[in-house]
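Order of writing sets the labels: A, B and C. Residues in every chain begin at 1.
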């Protein structure tokens, strides 16, 4: 892999192109509101080089990190990038978000599913209570979980969209390790 | 009006508070994605002073202007501020916006309210069917409509956010004229 | 010589005297009242008053009552919570906030409006659905009218009493309701209570459940205000 290229001197033509690509990368991340892969970022930045797309995204991330801003660019494990609000600001402004956000109840159900997945629906109902039927419907509608199987044997797991939303890896074992780290629990989730 | 105050020296306690308020202002504008008034900005920045809220927004705007970024902060005529993508970048990235604001059903209900507003809720229910109760709740939660009055006399109208989103004027008669013109229909909306 | 087996050691009374049988029977199937009454009747019939047997029967009855009570109380107990293994419940995951440009355009809004307005045009052609109201009941308006006209009816009853009581110190309630239907008798009684409450008449009884006597309060004209002193 090439070493990320520093932005060229701003007076040159290449420098202008770099700046323009940097702005396009930012525009794409702003508009998408979800992690974008290098292929998409490259196409937006008018290049075929995924490596260049990555250099641009990393440079943008460094720029955001160096500045006093409420926004951050996260690099996910699979080289995807996402622009989002720093979590410390969420509480004060979440009421202004357009998309209705989930309340604590469904979020608890979601974290339980993520931690124990693939988990029988019956187990989730036992642990969280019968009222979680509503949560499951909501989480399913938002595309955060899927139900597999039918009736009493239904199994729940989180989706790729869920992993993207939280910046988790798509690999189940890896995701559980990440979750364990976040929850700070000494109990390892059951690997199934 | 006072001259916008320059951010104080970064080493002082006041400077830290200013920086924090600046970040909160940015967080609010980012998350909302729509113009916010000074009252809202002041409440997010933990101040009662609309003047301070305005100073913060102007300072943030200047910061954005001074930097190479695809985003801009605009001050509207009514002293509202909005963070948005610079129009020159829109074309290249708008294909990444894949999620509709609303699905077809609620969109129909919204369009009818916009065209006939202020319209009795009863009339909307008659034309669109009893199932639109869910739509009205969703549209209200998204801040696209407001319900005025109570019970059977409830009246519906669209909000400033609706006008901002679709680029209409805020003036009701003007909006109806715009709709009629764009719609190119020979049916004139009933003025009530 | 063989002793005759006492009657109470035979069914159905034997259940009271052979306690081991109680364990095999559902307490709800035992009608204690019937057993005890018939037990006493049988004893009277045979002329054998055995206080020991009565004592045992009483004791057994109390025991059966206790069994029944315990069963009832058991039903009220909260269901036993199965001891599920305590497992780690992770805290909620808070979603990061991200702005997302939505894709709805003004063209889409207008297309939606077009289809709605077509629907609105068709609307008057649809048959108008009238709300189906439940048929009026016969009782409610009757009572309403009764209550609304109560003043009127009080006055009429008062005039009737005045007419019937002429020359007599009192009138009995039975003569007021003679040959009248039950409902009307009840209404008359209620009206009497209203009149008495306003002290326009006096009501009294000589014995509980006996005849009700009515006399006039000569100091009160109908309008309810005390008569002006002459």
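Assume contacts are C-beta pairs under 8 Å (C-beta built on N, C-alpha and C of every residue); 3 or more make two chains touch, one makes a residue touch a chain.
Just so you know, these numbers come straight off a predicted model, no measurement behind them.
The touch graph of these protein chains is complete, with an edge between every pair of chains.
Distances between chain centres, each the mean of the C-alpha atoms, put C farthest from chain A. A comparison of C-alpha centroids places B closest to the centre of the full protein. Work out the mean CA point of chain A and of chain C, and you get 62 Å between them.
Inter-chain spacing, taken between the CA centroids of chain A and chain B, is 26 Å.
Looking at chain B, residues 30-31, 33, 85, 94, 96-97 sit in touch with two or more other chains.
Touching of two or more other chains is recorded for residues 97, 99-102 of chain C. Looking at the complex, you find that chain C touches chain A at residues 84, 87-102.
Here chain B touches chain A in the complex through residues 19, 22-24, 26-28, 30-34, 36, 40, 44, 68-71, 85-86, 89, 92-94, 96-97, 141-143, going by the rule given at the top.
Residue ranges on chain B touching chain C, taken from their complex, read 30-31, 33, 85, 94, 96-102, 104, 107-112, 114-115, 126-128, 165-167, 179, 182-183, 185, 187.
Listing the residues of chain C that touch chain B in their complex gives 97, 99-104, 106, 108-110, 112-117, 119-120, 123.
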